[in-house]
Amino acid sequence: MTLQRFNLKANILENIEIRPDIFLMKVSAHQISQHAIPGQFCMLRSNLIDGYDPLLRRPLSIHRACKKTGQLEFLYRVVGRGTKALAKHKPGEKVDLLGPLGSGFHVKDHEIPILVGGGLGVAPLLFLAESLPGRKGVVIIGAVTKSQLLRLEPLRETGLEILLTTEDGSFGNKGLVTEVLDRLLTNLDNDAKRDVAIFSCGPMPMLRAIYHLCQDQGVRCQVSLETVMACGSGLCLGCALPARDGYVHVCKEGPCFEADQLEWE
Amino acid sequence: MAETKIDAAQRSKINLKVDIGGLILDNPILLASGTCGYGMELADLIDLKSMGAIVVKGISLEPRQGNPPPRIHETPCGLLNAIGLENVGIEAFKTKQLPWLREQGIRTIVNILGNTIYEYEKMAQELDGLAGVDALEVNISCPNVKEGGVAFGTNPQSAAQVTKVVKDACSLPIIVKLSPNVTDICEIACAVEEAGADALSLINTILGMAIDIHRKKPVLGNVFGGLSGPAIRPVALRMVWQVARAVSIPVIGIGGISTWKDAVEFFMAGATAVQIGTATLVDPSTSEKILTGMVDFMLRNNYHSIGELKIRE
Amino acid sequence: MAETKIDAAQRSKINLKVDIGGLILDNPILLASGTCGYGMELADLIDLKSMGAIVVKGISLEPRQGNPPPRIHETPCGLLNAIGLENVGIEAFKTKQLPWLREQGIRTIVNILGNTIYEYEKMAQELDGLAGVDALEVNISCPNVKEGGVAFGTNPQSAAQVTKVVKDACSLPIIVKLSPNVTDICEIACAVEEAGADALSLINTILGMAIDIHRKKPVLGNVFGGLSGPAIRPVALRMVWQVARAVSIPVIGIGGISTWKDAVEFFMAGATAVQIGTATLVDPSTSEKILTGMVDFMLRNNYHSIGELKIRE
Amino acid sequence: MTLQRFNLKANILENIEIRPDIFLMKVSAHQISQHAIPGQFCMLRSNLIDGYDPLLRRPLSIHRACKKTGQLEFLYRVVGRGTKALAKHKPGEKVDLLGPLGSGFHVKDHEIPILVGGGLGVAPLLFLAESLPGRKGVVIIGAVTKSQLLRLEPLRETGLEILLTTEDGSFGNKGLVTEVLDRLLTNLDNDAKRDVAIFSCGPMPMLRAIYHLCQDQGVRCQVSLETVMACGSGLCLGCALPARDGYVHVCKEGPCFEADQLEWE
């Protein structure tokens, strides 16, 4: 095992509420930015927490990493106390940062990647999309309603084809990302299906639907999973999920898995 | 890696060496079992060689899958875990993890857990004399497995029996790890000392649980889990104080230690060494920071050895 | 006082009444002994009559001075206390505090602690039939007094003996308060049930300590203290879960309850009522907030009685 | 017992660092301001603490209470996490406030009060000084050095005689407040001594010295004491201190005591 992880106090450069309760944090973390690959995550803890409650760091996907500037971005929703503390930060303050962690997405050279993100699932996908310059590929982003479609501009700048869908039809297609994906895959012939691969992140029901779709269509599929984590770094074995052969550990073997290796019950 | 470096000249004024039942360690800051993997998982983040020793994740005779998820849950200043001793088994450990640890020159204490007395004995025999194994920590206190574990640790007779069998089966220093889930920890400690243990380590986690009120069921897949972290520190410290006054073998203090101040409390209570558990999960460099902070404190306050820290009535 | 008021019509949909071994309470939110004085100390801050009952500070046969200071120390998410049962004694209680409680119409459970079985008996006799005394809570679990208290609570035989003597000495509902500092709380619980207890309350504090590293001595005047507060909640919840499945008398859950969500966890674990302790010290109106929050939760989730909350396997 | 205490969320009006690590917080707490008497205190907890660590509220003396505006002031030093959290507050934010608590100073009608404060001990004394309009009296304030002499302006506005002393002589007399007090008392005849009374707050060694001085001179002396507190409101009995007849509870019978009722070991 040759891990290259870094445990540091990162300087916060920006921390902006881009939608109600959704923040974009930019930090300076040179070493992590050099080693990060799309799909990996970091464990963060706000330096505003002055005590042991909440105790643990929180996992956030690397939303963007720039080798040149040494900057990382995180896109996160405020759901509980850990993320609430992060959201309070102002530029110039520090955050404890451990990363890059876990396995990334793996896009094979010949593949035409289809990135599928639901809601906050777009978080790791921008980094992935930006790592595919000049390549052919599709990004499908879905949300409940227009205002919850996130990060469209930087996604468009990647040059990948962008398909948008909202459950209420307020923007793009009306419906679920799975419906868009279904249509897209159904239109491909078998050769083309062998060449595409799905990279997906979002709520569990969406991932499950995508897995089944890909099984049916015979398309390779990688998903990024979430569990509660204590260490995020392979020390505690707390992040186990059932897989084909026993348990996998989301922070170590994941968070990105070949969907057909997992147990979807 | 550590935040402040003490220069060598300064540091040479104090003697951090400790003797854990014949095992001489360079310093008394150890990594606790189950929170540092087998060392490899942490090697890029801290200088493991600079720690007193690492206590590897509990090993059983056969590999174990562990408990169904969820396995962990955060509580006020604490962590509930029900890993259920997922581990690679002794064979894999001997051929993969142990050689790596030995090559790195990391002092290694192997935490073992059996379902039966026979399994403890078998493991002690298999590990005896293996290069790289510096001592055994006999886990008779794991609350997360059905058989073995805590069942042995809550009864003085069976605790003594396991100790004796392991002691007789090998020539390694034997550290017995005690459960806090008992009425009188001193009674168990004395029985284990009597049975030949070279040292004691305490505490393992305190049995606890949490309920998900929206799903109306226990949070953990295993229903119960072990509570660790700062929340349990006062309980651990009390038990170390009591046991250190009841036995004459060295006591290793464990439980919620997160800063050098916490470590000093345990040394003052009578611990010869300490182990850092949950705090490593929160921040992998905790043990290095504690070591540096300890040295600083001892220099400032004119302590020359760990033994001098103990409060003697 | 409470933050949101539920209107009467809404509230009438749910039945908060609970039966604690014959004592019918309007609601299951009680104030824990030692954290609400004798009621007077809190009467200007909350509406005591709206609480299920208050459990007054532990009373002994003779007045007690309590332990030397310092008596309290904050720990991570917890509080160590070594009050040592300072109290006015049963005579003063009967002539001063009790009449006041009765006049106010506050449901009152009297927490009693004896050094000997005889003292428990004597107190039960003296309190029997007194207007204003609704039940006795027999404290066999105080970790902060040398004799009595926890000594009785850590052994099933003596726990049963105290229970029987008290039960025979009076006709009040008898709640026995259990210590968490035991290997098997169910064993004690069953022994106490067998001996005639009408209900159980648990947990009392967990024995802990802290050390002042600058003064190189224990922080508390009494060396050891009892740990309470959110830190111990997972342990308390586990014990309530276990005991509620081991006995058929009502169980009152205590330990770190600070919000209505915490209270719901205890009801789901099988508690018939809960007591709020340390949280009242932090915010005197906690119990009122919990009551309101409980009602809200039950309305939102279509629960009609406390009993329905219990998880049944 | 007819207590009149209030448990409320108070709005912060000002929170200014008047010296390094020393803050003056002004809050709006109408009910408490109406009932407070000098020497009483409140229990405070910052609403920035989002969890249970630190767990307990912290006691602070009422530095000033204005019945008209309904405002309270607290003067506090940042020593640990509780006070650090308070210091972070900005106007408009809230603090949990329980008060007024404990006994106050009791100045008898015929008495000429001498207020003696060391360091932060001035905190309860300003309120006391302001409650004595038109009366004859002296305030002795001491500190290590000039910059640590606090709140001189408002003290001067009370019209009481102000005596200042610094240990390093950088302002006022050079020496301890006890030396100033000693000189003052020694210059009084016995009749005058019967009429003066000391009201003191500060570090324990200072209070002990003042107690002995007053004993020697036969002068009445009240001191304001500190202990660690859990509830501050008489519920836990945690704040006991040894006194002539058993223990007293600083939050209930105190924090202001007749010095000769206490055990000074």
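Per-chain residue numbering starts at 1, and chain names A, B, C and D are given in the order in which the chains are listed.
Quick note on the criterion: a residue touches a chain if its C-beta (ideal position, glycine included) is under 8 Å from a C-beta of that chain, and two chains touch if they have at least 3 such contacts.
Every value quoted in this text rests on a predicted model; they were computed, and no experiment measured them.
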item	value
A-C compared against A-B, more contacting pairs	A-B
Chain centre separation in whole Å, for subunit D relative to subunit B (CA means)	48
Distance between chain centroids, defined by C-alpha means - subunit C, subunit D (Å)	36
Residues of subunit D touching at least two other chains	51-54
Where subunit C touches two or more other chains, by residue	76-78, 229-231
Arrangement of touching chains [line / ring / star / complete / other]	complete
In the complex, subunit C residues that touch subunit A	76-77, 230
Touching residues on subunit C, where the partner in the complex is subunit D	34-37, 40-45, 57, 65-66, 68-74, 76-79, 81, 83, 86, 229-231, 258, 278, 280-285
Subunit A to subunit B touching residues, read off their complex	1-5, 7, 45, 51-57, 96, 98, 227-231, 233-242, 246-247, 252
Residues of subunit C touching subunit B in the complex	75-78, 80, 154, 181-184, 206-211, 213, 216-218, 223-225, 227, 229-235, 237-238, 241, 256, 261, 264-265, 268-269, 297, 311
Interfacial residue positions of subunit D with respect to subunit B in the complex	51-53
